[in-house]
Amino acid sequence: MKDITIDFFEENPEDNRCDIMIEGLPGVGQVGKLVAEHLIEELGAEKVAEIQSVFFPPQVIIDETGVAHMPNNEIFRYSGKDLNILFLTGDFQSSSPEGHYLMTDAYLDIAEKYGVKRIYTLGGYGVGHLIDEIRVLAAVNSDTLKDEVEKAGAVFAKEEPGGGIIGASGLLLGLGVRREIEGICLMGETSGYLVDPKSSASVLEVLSKLTGIEVDPTKLVERADEMEVFVERLKAMDQQKSDEELSYIG
Amino acid sequence: MKDITIDFFEENPEDNRCDIMIEGLPGVGQVGKLVAEHLIEELGAEKVAEIQSVFFPPQVIIDETGVAHMPNNEIFRYSGKDLNILFLTGDFQSSSPEGHYLMTDAYLDIAEKYGVKRIYTLGGYGVGHLIDEIRVLAAVNSDTLKDEVEKAGAVFAKEEPGGGIIGASGLLLGLGVRREIEGICLMGETSGYLVDPKSSASVLEVLSKLTGIEVDPTKLVERADEMEVFVERLKAMDQQKSDEELSYIG
Amino acid sequence: MKDITIDFFEENPEDNRCDIMIEGLPGVGQVGKLVAEHLIEELGAEKVAEIQSVFFPPQVIIDETGVAHMPNNEIFRYSGKDLNILFLTGDFQSSSPEGHYLMTDAYLDIAEKYGVKRIYTLGGYGVGHLIDEIRVLAAVNSDTLKDEVEKAGAVFAKEEPGGGIIGASGLLLGLGVRREIEGICLMGETSGYLVDPKSSASVLEVLSKLTGIEVDPTKLVERADEMEVFVERLKAMDQQKSDEELSYIG
Amino acid sequence: MKDITIDFFEENPEDNRCDIMIEGLPGVGQVGKLVAEHLIEELGAEKVAEIQSVFFPPQVIIDETGVAHMPNNEIFRYSGKDLNILFLTGDFQSSSPEGHYLMTDAYLDIAEKYGVKRIYTLGGYGVGHLIDEIRVLAAVNSDTLKDEVEKAGAVFAKEEPGGGIIGASGLLLGLGVRREIEGICLMGETSGYLVDPKSSASVLEVLSKLTGIEVDPTKLVERADEMEVFVERLKAMDQQKSDEELSYIG
């Protein structure tokens, strides 16, 4: 069993060149994941690969019909008129520090295979209280990218995001440098308590200006509600897990 | 020293074809382990393999006569008139996330060696309070299995088991897909506080309908009492362990 | 850098056959370590090997003159009239579960190299309160050893040591089986709060009857006092470590 | 992806012989890091290598302009009239125990490549309260070094540093022995609460006497203030991280 397994659902993926990758894995307020899933559904992107790993939590996920599937991160591909896009979203980030590095490396292998030259990583920036005016904070992996990002409405705030970005959203930028892949991280301010469609709408707006992708944001709220149900079910499972650890042998 | 060591006690295990595997490793309320051990003893199944691993907690287990043995998971085999069965039970689940994946992979290697086409994984679903009517919750790794499971009396509850199943009971389903092994998980509701023979009886009832195996459930209560003594001894050991960690050097 | 490094200080160690190994690594009340170090000094055993490992805590130990040395476990050898003995003692047990398995495997490699046929593992059994009559609890890895151990004054108590023995003292017994090395674990009851020379004296008494080794126990108290000073210094270091973790970057 | 990646920025580094290495990685009160960075800037040392690793925390660091870079430890080189010096400083220590060993081994590989014969490791010794007279505590990896160190004003205190030194500052001494590299650790007493320029000044004074390097200490206070801002930003990020862990899936 390999530490990370990637299954491609299309032959010769390297023949389907993509310009950019958009990452929206789970995180604060599910802001990034919500934007990525919204785009995938609105654009009708197609699933082209699945990623499984021993670095995920050791569990299966049960869908609402009772069918179990392995935790997956997924790659979707969309061919537009002006832009071909790879999406990275899924169930989990790595559950170990080293796994974060190795999985990000695998994501970059996929990006390179498709010829991606720029990655947008999307996330939330938790502020711990409700917000009226949602700012979209940004970080880049080359200062040549700053102008473009600021013009699209994102903010480089001197004291935020506090010195670092944890997980895939950060490491894709950092490890991308060595592969000459541009990286832009967009973080929507969020209370962090619930799946946050308003923060996602703000991130989507900046992303649209940067990429030219235009989609109707209406269904973000609906999708956030569905996601919230799922998140609540997973929290219940975590409670179950704690019980289980109390009785791990018999 | 290998990470996982499997010792077979029969030659050419691949010649002893089995139709199904029944897994009952330690977990909430010891529900699955109790059912598996009950079946093994009532049917007179024979031990055919032992599994040791560095992914187990770093300790030996002392039996009541003072003899130490390594933590083992064990494979038993039973040849019935209509059905040949492999049982998986034992002392521990993995103590690390990655170990859960690698050990489940090893369990599936064993299942494949014996030609197993379907795995039943058994466990408890902790609800944190006493229950009058015990439901048996189910999950499957293919929706073609649902009808059969529901007819046997198990329930696919939309909001339970909360989105996931942790450990071998879940991963056997998930990782079984790739090997084309059907997987059905049966979880008896339990308070989770004590070894629970009532929950086990409910799971056994559903399992009997699904497999045609019929055994007298009378001794479940007696076996639960014995298991409870062992569980209490292990809790005492955990207390000892905590003391030990406070003085790990001298 | 290897995970475990063993340096021998004598050529052809396999030519210096030993009958038994006595293990006294750090643990509850330092009971085992104190017995082992006492025997090493009273008998004048000679250091023949050092073991270093990445599984130890990531630190050096500073002696009272200010000189740093790597954490070591050590092998001493003593050639008596009737009995040749290998001692295993040292600074630490493994800091990770898997490391416990791999280091115990390395200890057994050393034992086999010297032809050891039996291992005594020594430790404390913490009861959490002061004790008048100290019992020495025992476990063995073959029931053929029980008579001999009981005659020497140790007790096989049905409910103690609570179902398991954690760390090298347990795993040497468990993993020794596969190599056909007899294993006897002797655990002196102790409050567990301080280095406990009384508990060590009780263990030593049983061990003397089992092995025929006779040493004057007088200096056990003195050695316990010295060890206590060292233990206190290490506790102070742990406090320092906690502070350090609060400021791991700058 | 390798566990540890070292990029050299000069060709044939082994041709640029250095006499000593000075290590100042993050730690209590940032005392060591502050001294190392101060020396690097005052002497105008040149960056000659960067070290990245999966053993670092899984994140990028955002500078104040919004540009992300991977966590780096860095090697600087200074060629003086009488002394050629290698400096080791950077963003993090290892986040896992085994990583501490493997990274220290990599640092020593670099030191050997440059022909280094002696390493000074610098750090703080947290006492938990404000101090009037700051002592510089010392440890060495050979007692032949003690006289020299005491003459320079450092103290070998019998009960401090409490029996051990954790992390690279300790392991460089311990693992250096096998490579015949002398090791001297200097620890300035500090409250441990803030970046501490006074403690750093005391360490610098002893180091200057030992090495003959003389630099103006005036800017230590200014640099400490800058470092404190960065430390505070990272603390804010840690808070963010805690929030993130509460919502790792969606």
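As written, the chains take the letters A, B, C and D, and residue 1 is the first residue of each chain.
Everything below uses one rule, namely that a residue touches a chain if its C-beta (ideal position, glycine included) is under 8 Å from a C-beta of that chain, and two chains touch if they have at least 3 such contacts.
The structure presented is a predicted model; accordingly, all values stated were derived computationally and were not measured.
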Interface composition of copies chain A and chain D: same or different, split at half: different
Cα superposition angle of chain B on its copy chain C, in degrees to the nearest 5: 90
Chain centre separation (chain A, chain B; CA means) in Å: 35
Centroid spacing, where centroids are CA-atom means, of chain A and chain C in whole angstrom: 50
Numbers and ranges of chain C residues touching at least 2 other chains: 230, 234
Topology of the chain contact graph, where touching chains are joined (line, ring, star, complete, other): ring
All touching chain pairs, where touch follows the definition stated at the start: A-B, A-D, B-C, C-D
Chain A to chain D touching residues, read off their complex: 26-30, 33-34, 91-94, 97-98, 100-102, 105, 125-126, 128, 138-143, 146, 156-167, 170-171, 173-175, 177, 183, 185, 192, 195, 227, 230-231, 234
Residue ranges of chain C touching chain D (in the complex, touch as defined): 1, 3, 54-62, 64-71, 95-96, 230, 233-237, 239-241, 243-244, 246-250
